[in-house]
Structure formats: structure tokens, C-alpha cells
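Take a look at the structures below.
In the two complexes that follow, chain A is the common piece, with chain B as its partner first and chain C second.
Take a look at the complex of A and B:
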């Protein structure tokens, strides 16, 4: 007789081949199956239909008698007696390799570009591994996006997670594509890659990104994971995870600087809500599950820099705020996790300003450590602070003018009004193919501020005023 | 006197008309010059914008072509490798099919059945297999299977052959008596189950031969 522990191991390996014939219940994307062996949470499941076609799923819940499985590719066409289930004894793993750049995959990491499956000796768990907090490197390297309002006022730092809070019909995709095209580390030729995860977006938007990557000559450095609007919504739950798994390999094993664009995270949260409702969980705010925060954190925290690794992951998640409501649970919880946000303003967009980045609610929490002497320019921190302060006063003056009329404003307030218009027209507004370097952006900001009398510029030093004011 | 006066008036009018005409011509010339200058500036601007736009489009197109070539090159290499892998797998299938009549196949089949029986971990199971392989599974073979599986499991196990129908593919499938669980050890399923390991092994060999 073989020793028990050895038999246990053999038995465990062989459980992967065991097929359970017939399931107890099919409810939307969830399948309930009874009398299985002991399975683990998030274990990968192969769901085989009557034509022996395999769909992948994941164990959501287990008890002594039943297992709930979430099928990523939907359950349409499955029957209770004809469905077979195979538990793989491990979580969903995807092969990861540099050769995956330049290719298009579905949400589960299977190629949909007509090419063969990726070839790799390494397979990684899509759920990722938690990064030891002490192993993290504090992000400090300034990324020049070529967009004035971001570079000067909401600076993107390598390894940062900076979401774009947008709304339906606003040009967030253009901005994300422009950042992907133009982002560069000053004075350094970096080995970069872009991982793009499409979550429930339409074909034309996916096409827009592909064309944009193609025309900027970086398509062979981009891996696309597409779970489009017509794909099963449940696939969206796994798509950001597969994308981030590849990003982690490229960054931490291959030393690349990876920019991860995930759009639209609101669709991801909708899928999460759908599953939660089907599972009968107690809903939290607006029907989203109570674990929305930790689930989002699980994704957003898979970014940054690790000591000893030359690569990094910078995340640019895009989410559309329902009804432009920044207090909606999705932007609200995202804001708690990420290191700032770029907020879009519908009013600025309607006035033809691109990018319509709202100056005041937008911020980059890591900005202070990546700007200034030796990084951007010595006057940058004070200038950014002054821009925020002056533009904030412009908002007050505009409110006042809407009540009492422009004519009743003081001479100084009129100057502020002029500064506000010039700031939006010259500094914020730029073409979507315009790539301004940081010096140019800061110079434009100085030209705008020079409309105001120097005594109003209280956040700027005398030396800086002497050097830049009115030049 | 009166005639002189009239002539003076006429010549005055004429002079004035002449002056006016000269002025109109001069103004017209100035305007023509200005228009010409402005048109020439406009022309230069249009040409410059067109040049900028043309350069932008040219760069865009060039980048797009370079990037498409790079992507296509990569895809072609991957497709070639994939074709090689598929060929090797299909050769393996053919090789396994050719083994059915060989004496050593009995041992292979025995191992597949034992593996499936341990995977199922049931005290009673039924073997389904192809017509050709059924010929190998006789009384002695089944006794050996039952003995080995009982030894490994540490429990009495009874495995029978399903005589009623046979599989269309090579290999075996073990079913629970109530049909609730199965373990497929057909060649196809074994290849699919171990696809990742097989592909990795083949790739390793290809990589080492490339180097």
C-alpha cells in the first residue's frame, strides 16, 4: 500500500481530471453544484457543455454540501443534466511573456487576434500576490505627459495610480490615449510597455485606442485585454486581473515601465454589483456590495515600484461618474485608494476646452515629491500652488459676477476674471496632439499669472517673481 | 471774361477729377498691394500648415507601418511555432493510435485505468473504452486492475467493463455506477489536460535548438 501522504498528493493531482456530471442549479452566471470534493475559494473550474466545449469559471462560495461557481463566459446553452464540471485545484493562471506585447486577448487572456496562444514557461495566478509594504519603493520620478494642466498642476509620478473621473461623452479616452502616446521620463530612454484593459466598452472605443497606439508607433509595445460591451458582463470581473498579471510580469520580472490603462472601471463595478445581487448578498450603498472598497483596492494596489526591481507599474484607471456625481460610491471609494485624481468638468468641455480638467477637484498626492529643483524646475511647486490659489479665487469672482454683473466688479476682480479666461484658454486648453514640455507649460502659467498684479502672487518668492513675472 | 471763367471752372473740375482719379488708382494700388501681401501671407500660412499636417500624417503613417510590421513579424514567428507544436501533438496522437496493437500498450492502458480509478476514489466504477481497446481488457486484466487499485486505495475496489457501448476515441473513461462522476483518460482529454506542460516542454526544446 502507498503511504497516505503520497496517496493524498497523487489523489489531489488527479482530482483535476474528475468530472462531475450534472449540476443542481443555474442562476445567471452562477452555477450551484452539490456533492463535490473539497474545493477552494477562487479555484478555477472548467465547465463543459454537451458539445464538450469548455468555459472557464471560478469558485465563489463553498459549503459542506454545495459549491457556487461563477462562469466567466456566461451560462447560455448549458443544461442542468448535461453540464459537467471539473475543478482544477488551482486559481486561474495565465502564461505571461514579453511576446504578449503587440497582441490582443479576451478578458481571460485567450488570444482573439487570430494568433496562437501565448508561449511561456511562466504561468501566474491572476489574483496576484500582495506586495510587502516594506518592499515598496516610494515613487518620485516625474512623468512628463506633455499636457500642461497635468504636468504643472497634477503631476503624474512613475508608479502612481492616478484615475480619471469623467462622465459620459467627455473626452477621457482621448486624454488617456494622449498620455499613453506622450508620457516620457525626461532625459531618459525608458523601456516601456502599455497594458490596456477594456471593461465593457464599445468596439469603436477599443478601435480608437488601437488606432492611436498604431499611429504613434507603439502597437508592438501594447498588450490589449478586451472585454467589450457585448461580452458576458461577468468576464469583466477577471479582465483587470489578467491585465495586471501581465503588467506585473513585465514590470517586476522584465524591468519594463508599464502604464496600465483600465477603462471603464464603472462597468467593472456594475458587474460586481450584478454578481453580488445574484448571490443574494446584503447590498451596501446604491446596491453595490459592501466589499467594493476592498475589491477595488485589490486592483489599484497592484501598482508601484518594488525595491530591487527596475520596472514599475503606473495605473491610469478611467471611470465615468454616473450623473457626474463625484460622491457616487465608485469615484468616492476609488478616491480613497488612489493617489489623487483627474476630474473632468462638463461645463469646460461644452466651452470647447480640451482637456476639460477641472482645476480645483483634481489633484496628485505624489506631486510634491516629484517636482522642483533637479526634477522639474525650482519654481514649479510655488507656481502650482499659486495657480490653485488664484484659480480658486477666480471661481469665487465668477460666482459673484453671476449675481451682481461684471460691471460691478472691482478692477482687481476684473483682472482675476481675465486671468481665469486666459488660464483656461491658453494653459488648460491644448490640441490633443500637442506635446508641451514642462518648461513650456510653466512659462505659459507664468504668462497667465502675469495678468495679476505681483502683490497678489503671495505664494511665490521674490526671486521667482523677478525671474519669471511678466517675461 | 465769362468764357475764361467757365474754362477755369472746367479745368478746376477736371483737375479735381484727375486728382480724385489718381487717388482712387493710388488707393486701389495700395489695396492691391495689401491684398497681395495678405494673400501671400495666407498662402504661406496655408502652405506651412499643410506641410505640418503632411509631416504629421507622414509620421503617423510611417509609425503605423513600422508598428504593424513589428507586430506581424512577431505574429508570424508565433504562428510558425504554433504550427510546429500542433504538428508534434498530432504526430503524438498518431503514434499513440499506432500503439494499440503493440504488446506494451497493455501496460499503458493499465496505468490509465488505475490513474482514473484513484482520481475517482470510488469503490465501484465502470470502464468505457473503444472497441479496439476492449479486446485488451479481459478477465485477467480486470483482476489486475482491481488488485492494484484496492492496494493503492487501501479499500476493496470493483471495476467492471461496460460491454454495452464503446467510445469513438482512444483511451478510457471511468464512470461512477450512478453516472454522477467520471474521469476521462482518453488521449484527447489527456492532451488537453496537460496542454500547458506539453507546450512548455516543446517550447523549451525549440528554444534550446534555436540557441
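Take a look at the complex of A and C:
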């Protein structure tokens, strides 16, 4: 048996790089080619057009009779007889190196800033490998973002994946840029390397991020992977994978703390749906493929910390909820994978509150282990829980007030209304260059809560009330 | 059986492989694909074609690659050494895999499920010449502080004992007995294999009668679960499915916990791995890890292994049940398993039914939940498997197929409510949508401990909660001032009950679980306030005055201030409550 194995291997090695002239079908980004040798699943393909331009592709489906290849750089201009396909016999690999920080690449990892291609001895498979759960280090280091509503109520932890659920026209880019600028670990002089993946966003938004990184002087610590709105949509499928491959190298091989910003994940999902539809797959919800969950998980789970590695990957994916609908498959499946979410609220935005973070649906799952004594402040956990409870009651009172009018509310309910306004205006609202430390954020929260009578604060202990209430 | 070549790959489409030239493959046979030796399973045979689902990433597999058959169905290894181990969906020990391939799981790596090197202190329980039948205890091994592992005669074997191993320290592979089954002599070791898709046989089912005490007040008091029962916990993301599952895994009074992380987050499993060894089981004083088996097939691990992980977990649970233990299985989440079915079904180009799910989804769900039960084992002992399945409905909408079909086959339903979760009221189990059909079955158990109190108190509080909902609807239209004090007092009581009783903090040392006694006393006190308060309002006291009683603050916080092992403080609170209301 061993003998056949070896023959098989030699046979496969010999066929590496074999080229075919002419293909049989081109449908959108997918090329079908018949009568090839035995091509491996997910193998890298170079697709060469008449002008000798090389485009990269990947095998999606392989059988004895036909092979389906998706071409990342689009198929426009290709002809059936004139296209050459070269099968590389290995998956898509990109070179990774720490010198890639400060550079700009396209979705496939080729430089587009005019510089030379990165030189590195290390090439990595962009698909990555699943992390063994026993090798993970549980993230518990508090990242101070300087934004009250995040630090106090939806704490970001180093190694967490915390998406921003936004909508069109909401200031998610400002918030992401502000987090990238201000994120620090307390008592430690760390700076984050930033890997930025642009998925189908507009040129001026990419520009905004670059300018923002430049003005805060961190541009040399940022690697940008740009697949903009006018690039072929299929390229977006590979862009986050390329970006994360570099992030993994920086974190686990070079020991850096990496912040990965991916925007906009909705565009990624759209591309996935496009491919799926062309292939005639059975759709699940809203035409998205049944494997959308697994596919997104492959990306989001490439974050965290690993035992014995000093680095970490913190993910900050941004997605715009189609029609502001949080139950749409994209935000819904994302929420099931990520460790919490920061949800934007259009109503708060139109009332001029920045960041317009909706208090109640936002959540950080890793918060419980990163806050409290020795990490932030001893009263933090109870205070956060109380803010959620009281703010949730404010929503009920507001609903009531909209039916019966403010005048008819009880005295207590009026206090709640006042608390709600103060909470939104003073605690949530801040300037987009305002960097509050955690003590300041917690103190403002206490000032807001002190509007309510102490017996309403059922989630806070007597000692904490004595120390902070009304101060 | 020797590994043999059974055919060649014809087509690769994700985790689904079509093969042709199949000579003697059998349904559900475990196979290995290509020279990378990827693990797979035959799920369809037609003519000389077969469809194989592969449990690892299929990158690089090409048509013409050889498929090797193992001659065995996909099975798990059963024997001492399972407890405290973390496995992937096809029972590969993840810690061993990390030793082999480092922090990331490479493809095609193998390691025996049960440690072959470890020595166990073995005590035989049979003698030469004994006749043994399926389920007979051959000997015992102290597997962990609290679990005595009984080595069982495999369910498909019986005969006369020829030779027995003396007590001593042995590895699991040591022959512990030779059995003559009439025609041949067979060697028995401490481990045997069992196919994961086939329920292990039992003597009979016993009616359920004992509650599974979880220490979570809303569950034990309002919606109790029976040992051997089934329950679904549906909830949108962020409503606390995993937190609820973790809390039950930590504090419930089962002997063994099997925790299946099926297509969920990697860090959640790491959390369990970090936290459980440090936590002490209040009933036995030993570490919680001493009773826990973990199966982790996180969302980024191959999708077909996710499909298998549920069956792997329940088979391990059945094995401990057969030794006479009460096992609780947490499956988090069954929706991911259903989605794995859908994905594989889609790749096989089967005709979909609802929302792309295959038409056999309800059958599969039913088969899974039917593996729960309170059983008389083949060895005439009693053991149970309780299944607690989380469901993650898309968009939090309970009308989707997985939730709906699961509801048909479980008898207890703990619906998680988005509104409660938003207010950080955990566990966010909704008292409106949830139900338990085990109420009648477990009532006698409670009656033995608390007389009629439990059932009466529960009915009373459910009635109050129902009335409150009606009243709240009125309040929403006209404001609370329009209601008379007696009705506002009902709202008041329910608010108190929610804050003081239903809401429970998983992180507080006193509140993370409540003993049965504490739960009963807390109910008593709250209902006493309801009763005395009602009388007092009838006599003319105003609600404002009633609200001002200082002791109310103590009642709200009694869950935090009163430790489980000293309930005397509750008596004092009750006495103060009586005095304060009298004074009004």
C-alpha cells in the first residue's frame, strides 16, 4: 500500500504547474475547464489571458470530468479558446513578513503602493488552520479605548472579536478609527499593529482611514489590504484571509499585538452569495449559502491568544446591517460567532449622540473576566450591570410616556427619564477625539446613577453605594 | 479488519466526496481518503459509487486519490481515561493533537482516544467459570476522585470466563479476562468500541420521577427538569444560552457531565477548560473537572465532524449511564449540528424541505433526543441520560424549523427572552413561553421534602406572574396611577420576585447556585410578603407605606447575603418582615 502512496505523490508532483490552453465555460467569475489531469480541491490556479496578464484563481469543485475555478481578479476580457489555465498543485500561499507593516496591498497580497513585493522566506496558506481549543489562552486583558460606553459597559478585551453592527450613514468608521488610535493597555506600554482589510468600501472611506492613521502617526504600523468597491467582487472572498494570514504571522510568530479591522463584512457576504448563486447551490436564508455560518466562523475564529505566544489578534469587524435589521442573516450569524457586538442606533445618531451605541443590544462576552478589582475598578461589574438594568427600565418608561404623556408619570418614573437623558448626553456622548480613562468613565456613570434613589440600585452592594453614590 | 483500498475519488466538493470503483464498502464505514489519510464516513452507496463525508479539510484532495476502508463503522473507544479529557467531534484527544501538531490542528493526524500508557488500579469483579452477559461488571478502576469506573462486558458478547487477571496496575490494553463464547475464546481489555450512531442497549426504561436539581432557581422552581428528561434552550445571540448551559454543567446534581461544544466559539471551550478544574463541586468537595468530559468541535473546525460530535457525546454519556450513573449532556448548540446536516445535504444536492434543511431533519432530531431516558441497565442498575440542547434560532425567531421540530421531541422548554437579556436579567428564561411537562413527575419528590409547599407556592407565583402581564398591558395604556393599590401591589410583588428570586448571578459565590432548601425558604418569604401585604392593603395601608419597609432591601439581596449552608438569616428576615408589616 505504501508503494502506491509514494507513486501517487510523485505523480502529483510531476503534474504541478501543468498548463492548459482553452477553457469550456465562463460564467461570471467562474471558469469551467474539462479533461484536465487530477486537480486538487482548493488548488491555486493561474489564469493567463491573451495579453499574458496573470490572474489568480482557486479550484472550487473538482471531478474527473470537469474542474470549476473561481478567478479572484474577475473574468472580463477572457475568451474561451485564448485563456490558459495553469494548475499550481498547492493552495494559495502568500509571503508574510513584519516589513509588510506600513505597506498597501491588494486583496491578494500584491503591493499597490509602488514598492517592491515583500521578500520573505515564510509563505503561508491563506486558508489557515483551525486553532486547537486546548492551545488557546483565554483572553482577559482589558483594553482601554477611551470611549465610555465601550470601556464601562461593553469592555473590549485583548484577543476578542467584537464587531460593530452599523447602518449606512452611521459613524462606524469614525469609531473604528478612534479605537485604533486610542486603544492601550493600562500600565503597559504597548502599541498595536493594525491590519486593515477593506472589503468593497469606497475610495474616500479607505482614504479616511489612511488619513486618520497618518495624522496620529501610526501609518508605519499599519498594513492595508484594499479591495475597493470597483475591484472585482470575487477578490473580496480572499482579502480577509490574506489580511488574517499576515495578522497571524505578526501575532504568533513575531509576538505583536494586532488589531484587525475588517470593513465592510456585508460586502464579503454579498460576494459569497454571488458565487454560490452562480454555482447553483441550494440557498438557505435570503439567498445566502447554507455554509455562510461556517465560512464566517473560519474568519472570525482566527483571533485570540495562543499559549506560549506573547502576541494576540483582536478583531474589529464592521458590518452594515441591511435596512438596519439586526435579524438579517449577516449580523445574525456574526453575532452567533463573535464575542459580543456593538450595535449602532440610528435614533441616537439623529439626536446628535456620538458614538450612537445602543445601550441594550450591545454586549461584550469576555467582559466578565477582564473587569473588576486589579483590572479596572472593584465596583465596575456591579455598576455595569446596574446601568443595563436601569437603562432598560428607562426604555419602558419612555414607551409609557409616549402613550400617556410625561406629565402623567410617577415621580420615580420621572427620575428615570432624567437619568436616561443624562446617561445618553453625558456618559454615552463624547467627542471623537476625547480619550477618557476608565476611572473617569465610571465616575460619570456614578454621577448619572445618583439621579436615581439608592433603593432602586438593587444590583450594587451597600459598600459600593457608600463609596460612590452621590459623590 | 485490515485497512484495504476500496475505491477512488471521483469528485470533491467541500467536505463531500464522490467515489467510484467501490467494491466492498459498507454504509457508515469509517474510511481514510488520499495519502493525507483524512478521516471520513460512507453515507451513501449506489452501484459502485459512494458518497463520503470527510471530517477534515479536503484541500488538495484530487480525483483519482485512493480511499481506504477500515471495515468498521465510525465508533468511539470506551474505557477508563475518558473523564477530564477534551475531544474533538470524532473523539480525537485535543491535548494529544496539540502535542503532535502544535497550536493549530493539522490534517490527517491521529492519536488513540484513550491514553494507552497510563496505569490503572484494577480490581476484578468476576471469577473463573462465571457466566457473563452484556453489561456484567468485569472489574473496577478508580477513574477520578469520585467516579468508580465499572468495566462492562460489551453489549454484543456473552460467555464463560476462562481466566481472570489479578488485581494490580495495568494499562487499558491489558487483557483482563478471556471469555469462551461457545465457539471461540475472546480476549477482553478495559476498552471496547461502540458505533456512535447506534444507541447502547438497556434492559428497560423507567418512568421519570427524580428532578435534576440545577441550583438555578427559575429552573428548579418554575420549570423543573427530570433526570432522564430532555429540554431545549432556544435563544437569539447574547441571550445567555451558553451561560445557562455552563451554570447547569457546574452546579447540577448529575454524576457526570458531558459538555458538547458543537460549532461554537473556541474561547468558550477554553473558558470551560480554565474554569472547571478550579471550581469545587459543593456536593462532593472535588474539582468539577473530575466529573466532566468535553467535546469541542468549534465553529472553525470541519463541518462534518460537527455533525458527528453530538452522537459522540451522547454515546459517551450512555456508556457511563450503563455503569449506573446519572449523566447530563449539554449540547451547545444543536442548531449548528442541524446546519451541518443542511450543508452536507446541500453538497449532496438533495432536495431541501424548509429553509434548505433536509427533509429528514425531524427524524434526526427525534433520534437524538430519544437517546435520553431513565433506564434500567443490562446490569440491573439505574442510570440516566438527560439531554439539554441549546438551539440558536436565526434572528431569535422561534418559528424556524430547528426550534419547531425540537419542540416536538422535548418535554421541557426554556425559552430565552431578548428583553430580559437586554436588562441583563440572567438566566433570561422567559416565564411566559417556557414550560415543563415534568411537573407532575417530580412533584412527589418535592412533596417528600417540603410537603405541599413547593407545588402550592409554584402555582401561586405562576398565577401572580400571569396576572401581572395583564396588568402591565393596562399600565402601558393608562399609566400605573390608574390602578388601585391592590393591583399595583401585584406588580410590586412580581417585580420583587423577579429581582430577588428569578434573577441569579452566575458570578456571585452565594448566588451562583441555590440549594433546594434555600429556594424553598426564599419562596416562602416572598409569598409571605405577598400575603401580609395584601391583607394590610385591604385594611387600608397605602402602597407607598408598604414600599417603605426597610426589610424589603434585605429580601431583594437575600440571594447574595445568605450562604447556602446557613439559612438562619432567612428566619430573621422573615421575622422582621412580619413585625414591620404589623406596625403599619
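Here is the rule we use: the second predicted complex is superposed on the first by the 454 of 471 C-alpha atoms of A that agree within 3 Å, B and C clash if a C-alpha of one lies under 4 Å from a C-alpha of the other, contacts with A are read in each partner's own complex, and residues count from 1 in each chain.
One rule holds for everything that comes next: a contact is a pair of C-beta atoms (placed from the backbone, for glycine too) under 8 Å apart; a residue touches a chain by one contact, two chains touch by 3 or more.
All figures in this text were calculated on a predicted structure; none of them were measured in a lab.
When chain B and chain C are set side by side, the one touching more residues of chain A is C.
Look at A:463: by the touch rule set out above, it reaches neither chain B nor chain C.
Of the two partner chains, chain C is the only one touched by A:327; chain B is not.
By the touch criterion defined above, A:43 reaches chain C but does not reach chain B. In the superposed model, A:214 lies in contact with chain B only, and not with chain C. In the superposition on chain A, A:191 makes contact with neither chain B nor chain C.
Residue contacts after overlaying the shared chain place A:373 against neither chain B nor chain C.
Once the two complexes are overlaid on the shared chain, A:406 sits clear of chain B and of chain C alike. Residue contacts after overlaying the shared chain place A:360 against chain C, while chain B stays out of touching range.
Residues 1 of chain A touch chain B in one complex and chain C in the other. If you check the complex, the residues on chain C that touch chain A are 3, 5, 10-14, 18, 34-35, 57-66, 68, 86, 94-95, 97-98, 101-107, 236-238, 261, 263, 265-267, 269-271, 273-274, 296, 298-303, 336, 339, 342-343, 346, 349, 352, 355-356, 392, 394-397, 419, 422-425, 475-481, 499, 507, 553, 556-557, 560. Interface residues of chain A facing chain C in the complex, by the touch rule stated above, are 1, 4-5, 8-9, 12, 38-43, 61-64, 90-91, 125, 127-139, 159, 252, 281-285, 289-291, 293-294, 297-298, 300-302, 304, 306-309, 326-329, 332-333, 335-337, 339-341, 360-361, 363, 365-366, 368-369, 381, 385, 388-389, 392-393, 399-400, 403-404, 408-410, 455, 458, 461. Chain A makes touch with chain B in their complex at residues 1-2, 7, 10-11, 14-22, 35, 84, 95, 99, 102-103, 113-117, 119-121, 123, 213-220, 433. Residues of chain B that touch chain A in their complex: 56, 60-64, 66-68, 70-71, 74-75, 78-79, 81-82, 85, 115-116, 118-121, 151-154, 179-185, 189, 193, 196, 199-200, 203-204.
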